[in-house]
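Structures given as structure tokens follow.
One chain, chain A, links the two complexes that follow: it is found with chain B in the first and with chain C in the second.
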Partner chain A sequence: MMRCGALFASMICLFLWSGLGVAHPGQEPLRGTGNLGLVIERSTASVLIIDTTKRASVARVEGLGDLSHASVVFSSDQRFAFVFGRDGGLSKIDLLLGKVTKRIVQAGNSIGGAISDDGTLVACSNYEPGGVRVFDSKTLKMVADIPAKWTNGVSKTIGLVDAPGRRFVFSLWDAGETWIADFSSGATPVLTKIKGVGKQPYDGLITSDGRYYMVGLFGEDGMSVFDLWQKPISPRRILSGYGRGETRLPVYKMPHLEGWALAGDRFVLPAVGRSEILWVDKRSLEEVGRTKVHGQPVFAVARPDGRHVWVNFAHPNNDTIQVIDTLTAAVVHQLKPGPAVLHMEFLPRGNEVWVSVRDSNLVQVYNTRDFTKLAEIPAKTPSGIFLASRANRTGL
Partner chain B sequence: MMRCGALFASMICLFLWSGLGVAHPGQEPLRGTGNLGLVIERSTASVLIIDTTKRASVARVEGLGDLSHASVVFSSDQRFAFVFGRDGGLSKIDLLLGKVTKRIVQAGNSIGGAISDDGTLVACSNYEPGGVRVFDSKTLKMVADIPAKWTNGVSKTIGLVDAPGRRFVFSLWDAGETWIADFSSGATPVLTKIKGVGKQPYDGLITSDGRYYMVGLFGEDGMSVFDLWQKPISPRRILSGYGRGETRLPVYKMPHLEGWALAGDRFVLPAVGRSEILWVDKRSLEEVGRTKVHGQPVFAVARPDGRHVWVNFAHPNNDTIQVIDTLTAAVVHQLKPGPAVLHMEFLPRGNEVWVSVRDSNLVQVYNTRDFTKLAEIPAKTPSGIFLASRANRTGL
Partner chain C sequence: MARRELLALLAAMSAGAADCLGGTINPERARELERLVLHDCGSCHGMTLKGGLGPDIRAPTLAGRLPQSLAKTILDGVPGTAMPAWRPLLTEREARWIADYLLDGDRQ
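Here is the complex of A and B:
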């Protein structure tokens, strides 16, 4: 009888423990998720989960495959991160539990991803098989497969972004086309295909208001821009001199188009193959000036208030950051964080910037007003830094 | 022996249960906080905590005092909300536990509050005693007391906003001054006092980039604007016809200046005392057009992408919302949500808008593309709706 009681109590106990254990493995304390983020550790197939209030890493998540050129988007509740790997891996990471919730390998060769404005759809841009695949953000079950078929076969796709109204926009490297996949009426997209975009589009961006989609061209100079507010949507050629140029300058690294920053009334662009940044008028989309900088720029990122732009550089100048005042277009500060500064991410209100210094195995945190270093966080070959506040923004 | 075993097992069981219970009162499940928000229930001293993914309320928190004209800011981690009551109450609410963490009555008569860009300081604007008080966001202990002393006594303060660089900006109703309190070097603010702002400043706003602070005047027409990027900072008078006018129009409700929206290159303003909205060029700050609307506008809020502006109205037209296309400046849609539409809040990426309909005791949720109603959530006399994503934005 007593034996039975003990057994019963133990069973109840086990039940309570495991029941609660499922809800809180490791007894994770309750916490907000608005100040979390991820750092890609490129060479170790891992990511660090970071806490921007503590200025510290809180967990490492491993087993994420090839993370070269990895990118990340976040769920609307800012609990989950979706990591897009170079090898077609799509990993859903729980920022609270510090573990992989679900992982699929959705293609053989992939670059870039996006999440719909309502947070329900995650899209991946693939080289092999060429096209875009769209997944349910809860389950990672495939919702839609959009092969990039054109007259000569199947194209690699690049420059995938989310646009308002459950839409994704991307471009076809081989075909020189831009497609819009509109999921506003459900799981079956309405496709709009626009031809004549230019030779070998290599990257794309969407402005933070979701209005303009811009495509960089590898096969010719200039860019194509689409005003998504107009009907019909058609490309317009801008910045005819922008690109590798007739002299075929040696380009150490094609600049990231995500690095296009809107600072006040001007976009700031990294020049291609030249130690310059370009200023482009927001209304006319014409070049209105250049600023000489320390090396070939990779990212030119505006502080969220638009007053300063922080610029990093390609090898052999990648130990340096320059800060440019957008009122005067002059370099006002220079930092030497260390070897291989790969990425800069501002806190959403711009008071701090987080910098990955790959070959120092550090993430550094700076006060953006007085440029003092606030913290150093050990990380293994850190590259991209992605904060959960991106969940609230278009085109990131 | 067995009896002992049973007891022991039960004790272990109790220990585990209570131990976990301490970490998670009510055994709240782990969850992200990026999709939470608050609805002010004006007449019952309570707020609803809402979940924008579920489109539902998840808790009610009571005992918050006089919530007429209440406003809310959020901690950087998006776990806590700070509710500013009309009676000087400052309540810190835990969105995960659904309860008041700390509540103080910091003044006798108060309106408005703000949180510093680094999330560490919460400021309250007070009528009685006139001035601004600043609190540690963790503890609600007072960090600084800034009485609004001027030549004729102590002034009521209004139009309190946060500006980049741990600064707060506010104006003095009686004195016609604007003050900047700069906490960038610690807990003791450096004060800048600017005189000659105009008669009876009644409200203020800061643009979302933190550059311009604008002050509405009750005692005369026109507004004062400050460019916070220039040194020295001095006021400039704009929109000389903006205000109650020489004919002293009957004004049912002074429009909220927080309702100034930036849509593309133009600000959209509710006119004072007229059934119109005004378009103001962002660069020149001059009026460039007007659109006739259904009644005297209260809020004119831009959808986050800037394509549409949603407008609600003062009594007796407060059952209606009009939607204006910012490309054409034309009204493109009209809704009748019900009696006393008091506030509209967009999800951060603009796909939905949440609307409080006070006299229907409902919060309604609309798809912003096709204007379909997605949900109705019961609420007691709902007024302001505040989403946790405001934590990431300046001047909200």
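Here is the complex of A and C:
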């Protein structure tokens, strides 16, 4: 009887472990997902599931297609991750089971995605065919197809974000337009198309209050800003001519705005083709300063408390991170994590930052107060790092 | 020197220069260049080079392009587009190596 009971207990344990793929022997089988995240392994069509408390990877999920420039959003319950691949793949991953539960290839060539504020819709931004496709987050069945037609054909779309009220906002690279797709009244979106946004918008961001959508321009110096609280919504050009007529440097990697930084009362933005970051007053939207940095910035990300901004750089300066104090706008620390630092992700309270170092095949974890390295986690050509806590943030 | 001889000499010299540009990248640098193509070119052209913000640059798509002309595009970029000039980072010989690499589908 005793043996039978022990056998039964071990069978139960086995059942629980196998049901929770990320659990290991000796670990509580029941767990939350709030401290989990994904690391994109861009060369091997795989992602790592990471546990930020253990500072370790707990599972690898494979078979996800071309993951160069892949990004991730999370379901509102933080159990599922939606991975947007370069090849149009959209994969839904169960963080607890450590496996793909659904996968579709929704387009030929894609760049990022978003999830609606109510968690029901997942949108993908596509280069080929140009436009946005929207899917039911449960089933990944297509809800709406929004081709980015303009006067000269179909445009590539970029800068796709979610906005409050079951809306998505995105911009048209070729057309210089910004569109708002409003799904508040059902599966058929009401489209608002705004022209004259500027030449070659390359990325967009939305502030975490959902009020301002900002579009970076590649074809000219400057940005366009939309106040989504106003009606009608119209673009306002800011930072016009920030290059002051000087020839810009060749741009080997487009800056990203997704990791935008609102540091106190100023936005921090990476300049295009210049080794500078730009400071913009939150109220007036005027430039109030700039800081010279080590190379052309790719991400300028504020620590969640806004006190520091961490900046990484384009090739050939991509072995370095600089940390800028937002009170003085001065560089206060420099790190050399290794070759090809691609991404930085803060834990939600800001105590740690996770850094991907592609050519060292490592994810490194740093204490953000004293800059000591806390851990190194092996990963195959890691790029984006995405924590499940993003589920609670507009625009991420 | 006769005009014809001069032309022949110039032709021989430029052929020699082209041969020189095509070869002699040491294996270590070749690996770095390959990584540059897949990851850095790949950030716009896709890691499989089938295109993204930039166009498809797989070997079948590029078939018929002269390696010299591709190398020039790599070095000088394409004004009005997002294609930067790589001249600050690459020598002519390295650009030519990349052009040959892109045109040779078997090496990818």
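What to note about this one:
Operating definition for what follows: the second predicted complex is superposed on the first by the 361 of 396 C-alpha atoms of A that agree within 3 Å, B and C clash if a C-alpha of one lies under 4 Å from a C-alpha of the other, contacts with A are read in each partner's own complex, and residues count from 1 in each chain.
Methods note: a residue touches a chain if its C-beta (ideal position, glycine included) is under 8 Å from a C-beta of that chain, and two chains touch if they have at least 3 such contacts.
Nothing here was measured: the structure is a model prediction, and the numbers come from that model.
Of the two partner chains placed around the shared chain by superposition, chain B is the only one that A:Arg79 touches, whereas chain C remains out of contact. In the superposition on chain A, contact is made by A:Phe218 with chain C only, not with chain B. Which of chain B and chain C touches more residues of chain A is settled by the count: it is B.
Contacts of A:Trp229 after superposition: chain B is touched, whereas chain C is not reached. Of the two partner chains placed by superposition, only chain C is touched by A:Ser43; chain B is not.
No residue of chain A is contacted both by chain B in one complex and by chain C in the other. For chain C in complex with chain A, the touching residues are 35-36, 38-40, 42-44, 46-48, 50-53, 77, 80, 82, 84-86, 88-89. Per the touch definition, chain A reaches chain C in the complex via residues 42-43, 66-69, 86-87, 109, 111, 127-128, 156, 173, 200, 202, 218-219, 250-254, 315-316, 340, 358-359, 381. Touching chain A in their complex are the following residues of chain B: 1-3, 5-6, 9-10, 12-13, 16-17, 20, 23-24, 27-35, 52-53, 74-80, 95-97, 117-119, 164-166, 184, 209-211, 229, 264-265, 282-283, 304-307, 327, 348-352, 369-370, 388-389, 391-394.
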